[in-house]
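The letters A, B, C and D name the chains in turn, as written, and every chain counts its residues from 1.
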Amino acid sequence: MTYEIAIDGKTYRLDLSQANDCWSCRVDGREVEVDAVLARPNVLSLRLGNKAYEVKCERVGGDVHIWVGSQRFAAEVRDPRSFRSRTRAVDDHGPKKLTAPMPGKVVRILLSQGAEVEAGAGVLVVEAMKMQNEVKAPKKGTIQKILVSEGAAVNAGDVLAIVE
Amino acid sequence: MFKKILIANRGEIAVRVIRACHEMGIAAVAVYSDVDRASLHVRKADEAYPIGPAATSESYLNIQKILDVAERSGADAIHPGYGFLSENAKFARACADAGVKFIGPTAAAMDAMGSKTRARQSMERAGVPLVPGTSRGLGSFEQAEQVAARIGYPVMLKAAAGGGGKGMRLVQAVADLKSALDAARSEAERSFGDSEVYIEKAIVNPRHIEMQMLADEHGNTVYLGERECSLQRRHQKVVEEAPSPIVDPEMRRQMGDVAVRVAQAAGYTNAGTVEFLVDQQKNFYFLEMNTRLQVEHPVTELVTGLDLVHLQIRIANGERLPFSQEEVKLRGHAIECRIYAEDPDNNYFPSPGKITLLLLPSGPGIRRDSGMYEGWTVPMDYDPLLAKLIGYGTDRDQAIGRLTRALNEYFVGGIKTNISLFRRILSNPDFRAAKIDTGFLDRLLKEKDQSKDVQADTQTTEVAVIAAGMFAALGPSAAGAGERVSIGSADKPAPVSNWKTAAQREALR
Amino acid sequence: MFKKILIANRGEIAVRVIRACHEMGIAAVAVYSDVDRASLHVRKADEAYPIGPAATSESYLNIQKILDVAERSGADAIHPGYGFLSENAKFARACADAGVKFIGPTAAAMDAMGSKTRARQSMERAGVPLVPGTSRGLGSFEQAEQVAARIGYPVMLKAAAGGGGKGMRLVQAVADLKSALDAARSEAERSFGDSEVYIEKAIVNPRHIEMQMLADEHGNTVYLGERECSLQRRHQKVVEEAPSPIVDPEMRRQMGDVAVRVAQAAGYTNAGTVEFLVDQQKNFYFLEMNTRLQVEHPVTELVTGLDLVHLQIRIANGERLPFSQEEVKLRGHAIECRIYAEDPDNNYFPSPGKITLLLLPSGPGIRRDSGMYEGWTVPMDYDPLLAKLIGYGTDRDQAIGRLTRALNEYFVGGIKTNISLFRRILSNPDFRAAKIDTGFLDRLLKEKDQSKDVQADTQTTEVAVIAAGMFAALGPSAAGAGERVSIGSADKPAPVSNWKTAAQREALR
Amino acid sequence: MTYEIAIDGKTYRLDLSQANDCWSCRVDGREVEVDAVLARPNVLSLRLGNKAYEVKCERVGGDVHIWVGSQRFAAEVRDPRSFRSRTRAVDDHGPKKLTAPMPGKVVRILLSQGAEVEAGAGVLVVEAMKMQNEVKAPKKGTIQKILVSEGAAVNAGDVLAIVE
């Protein structure tokens, strides 16, 4: 198996292969001695050389977070042979989405469709656990679309509005 | 002794009280709203009654529904926990009328302490030290101006019915007074339905230190030592410890004596807490009395060796305090971290959701009071407190060491928590030197998180890379456990390999 | 301070020591045998080294392999835990030779205490009270006969090199002496490679009470109070508590003074335990000294507020004891249950296997020191101790209450454990009245388990019936959690139902 | 769904059925108001009336153990429409199997094939976790067969020998 793994802005090529029930591992072509045991689902006990690590995996939405001890890494894993996990194209121009920062309820919509908006201005208010969170415009522009109504329940990452 | 106690609360405190009941051989009745059916307190109770929809006004704050359950279940007492109805005198009265014992002070004592201005007036009479200011609501702007001029700026405007920082305004100079007063009044009206606002001298960089009280129904009142609660964010406590690093035995005795006077002046019974502001010269001023069990009561339990909930129940049962003031002995040091479902990368906003993985700390000196479990979905409807992690040590350094170790063991996957914040606090040199005040945390959070700048070392990153690949190969349903998944070239062959499954899936592509 | 400590052990005690290292900022090196790769101590360590096959002689007892790892890892000290090499003077000497600090007493002190007969001799010289008997190995049957006649029957034959009940024989009358002596000798030879056997007066229904000692390398020796360890099965401790219900301050002082004399006579340093037999008149007799940390050290930690492993490390680092005898204050009561992988329905035989479900107790007064986790397969090769559950309370009743509550929360699925035994012990009226001696548990186990005769009430059985059906319908892979699976007719419709899946599977049949 | 469930020597008929997302439950024809939530795999939070129970399920080999709080019930679940879970025929006569009481290693075989044996006499010794367990003959007879050799690793329930 070969993966391309992007962490902290750098992409690594990882080869994992099996021979006689033994697995070997190469990072960017360099052989690495590794010994791993799946302690529980999403928890690996990993030895690299003789250093020991408890590694946890968190899948939230489409994101994979790898925790090495208490250190978190956002990882993007691509399987070069499949199209499944290709990076979404990053588009810095054109319309921008406003997404819900947390699961909650839309309690107020501050601007209506078609309104002009400054970068950083509040567009909607989402409430969860007695806390209100203003969702702000990521750039100056026009509110192209409001996708939710007041009172709607939303999940983290849901698109609430589009500014262009 | 009571046969059955209804717990009018949810989350970790409901579990805490259920445990106390079971330890004392008392049956525990839980109530729950629609979104709390799967909550831990329902699992752990002996009986559980649905009380309506998520909205607190229709469930946990609904006095009639709670009393209905008390009647249906035959509970002979109600423990209100903290928050919700715990400081509601009307509820305490309704319990009395319904013939069910409210585990807490009398309604009269709550009334005496419920209004901050009325509490100030009665404390003034009892000779309790108060922050200079008015003990009555401000009548006019002119009055406010005069009082502020007399006590000197900066001053603090406070809602008489307030709490949690609502209706509070810090005023640095006379020019800002008018607008601040208007804003405080309208916020007080909105938040508490009462626009009464009073004025106090603002103490610069104070510490928030509180004294735990117990009073039985036979006139015996004791104090159990103080808690240092200066670490606050948005006026909410985040880290608490006992004892306070700045309180010596003499100061403790003085604060304790004042706290006993406060409690006695209010005819107080059961557990309560007297809050003080302490200035940089260690002068302390009465702030308010909380007429309930505090969130942070475990640190007092650890340094005194007592169980406050057991004692609350015994006091409500009419028993005498089983010890005198002289028999209360403090030993060691305890620190509590409030674990919240909050996103440290998004200004600590709430982060409800499903807990997909939960690794729990334990071992020496570690107490964990929790309302969560793996697989549970944290509802978005309530306070985001998930659990409390409390570290005890022979001294403050050891408590910090144990707590840091336990925080590193604690892992809550699937939702965001503020665990990383505690690592940051506990490793901060000023915190370690106990140089803290109520502004500490805001200052810390304004600083850049140093730990984020540290580039992960090459090997740790390499571990993350390899693990990311392994988890991807194992797939999200990797259910096997304790089996070797991969072996380097040096070791012997592994007997079983989960990688086989992965390889088979691979071959199928 | 040491930079890196190697822990030459496994299981809960390895995890316990790793935690202490992390709390003190010291890196922890684990070693593991082939069957322990997935063990918790490997997961929690900073470094981990394989040391060979499951057989202890080729791994955990192999001095050379352990010292090789110490060298390769650069560890500057070794903590031996308990068992394995912890009381092996040869190992302590080998560590010294290799320039790595052994965290424990000197080899000379171990030697002085390692042979029971030699220890008796030196204790006799130090004026320590001994059970009447010989302080030397028995030469002949005739000598045994004479000594037994002098001290009076019943007598106990004991292996000089013994431990854990091996090579021990209780003799009620002269007629049984010859065969018992032969049997004890051959068992001692088989078990310890040393057939030396001595004789002592048998104390009828004694209590086993031990005194915890600490001695630094500067001549300061203190005692930290006693532990009551009378609850034993097959000479293995099962439940321990501190303080002992029968020891008052004066008796504690006397036993403590004797224990200090014992330690000083042996030139003892670091943590150690002096064991006493106590007869029904509260006379106490020196039994032996354990030159290591005990399994049951947590109960002492809870009542003294001290951390014995931290102190062991500090003492080994050459530091002075940070407190005097007068500063040691006992408070409250602590009881430990040793959770073993044992089958209560099969004479408590070991029950290794995979842990399929693990629900963990926590909350006030509960400490859990564990080496297990959900999904781990308990290997069949070692001692079946899985975890220790320790309850602390203001008094003994509260400790029992909390422990009972926590035992009811504890669930270990997939393997058998002795958790039900502790429920039985803690609810026993004699135990509650503290009427215990070393024969208590054997007598209890001979009685019929009353709780088994109690017919489950109809409703509980009905719950079991319904749940059995639900689990069957959900199937073994029921992975959803926190979702409503079924609702009675009274409540509102459930938003989500796992039963759908079951229904779909059903439809497919 | 209908099940026959045997617990403590008594057999119950359990009907679970669904209507409008509501489930109802009948035990031996009697309607029971029940509300259940699967808290975690193998852990049900169950309400019967207003009594609350934490129920755990343990599947060890072919056995199902249901724990209601701290009380254990051995349950046999039969689905009348399937043959899968039919009770194995109990046979009190004829050859008797000696099974391993726990996983472990066969350290000694005390009697050889064909030997006469008294009821309760030790036949083999299995060791695990430093403890030796003598496996005893369930009846007087002849050792018909020894199925393991010394040093063999065995699992709980494995047949070690047959006495007839």
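Points to keep in mind about this one:
By definition in this document, a contact is a pair of C-beta atoms (placed from the backbone, for glycine too) under 8 Å apart; a residue touches a chain by one contact, two chains touch by 3 or more.
Source: prediction; values computed, not measured.
Of the two chain pairs shown, A-B and A-C, the one joined by more C-beta contacts is A-B.
Averaged Cα coordinates give subunit B a centre that lies 36 Å from the centre of subunit C. In terms of their C-alpha centroids, the spacing between subunit C and subunit D amounts to 31 Å. Between the Cα centres of subunit A and subunit C there is a gap of 46 Å.
Looking at subunit A, one finds that residues 35, 37, 39-41, 43, 47, 51 touch two or more other chains. Multi-chain contact residues of subunit C (touching two or more other chains) are listed as 37-38, 44, 374-376, 408, 481-484, 491. Chain contact topology: the protein chains form a pattern that is neither a line, a ring, a star nor a complete graph.
Chains that are in contact with each other form these pairs: A-B, A-C, B-C, B-D, C-D.
Within the complex, the subunit A residues that touch subunit C are 35, 37, 39-41, 43, 45, 47, 50-52, 54.
Subunit B contributes residues 341, 343, 346, 349-353, 356-357, 359, 380-384, 407-408, 411, 413-414, 420, 423, 456, 459-474, 476-491, 493-495, 497-499, 502-503, 506, 509 to its touches with subunit A in the complex. Taken in their complex, subunit C has these residues touching subunit B: 15-16, 19-20, 22-25, 34, 37-38, 44, 50, 298, 301, 305-307, 309-310, 329, 331-332, 354, 360, 362-370, 374-377, 392-394, 398, 401-402, 404-405, 408-409, 481-484, 491-492.
Interface residues of subunit C facing subunit A in the complex, by the touch rule stated above, are 30, 37-38, 42-49, 72-73, 373-376. Listed in rising order, the residues of subunit A touching subunit B in the complex are 1, 3, 5, 7-8, 12, 14, 16, 18, 20-25, 27, 31-44, 46-48, 51, 53, 55-60, 64, 66-71, 73, 75, 77, 79, 81-82, 101-105, 128-131, 133, 156.
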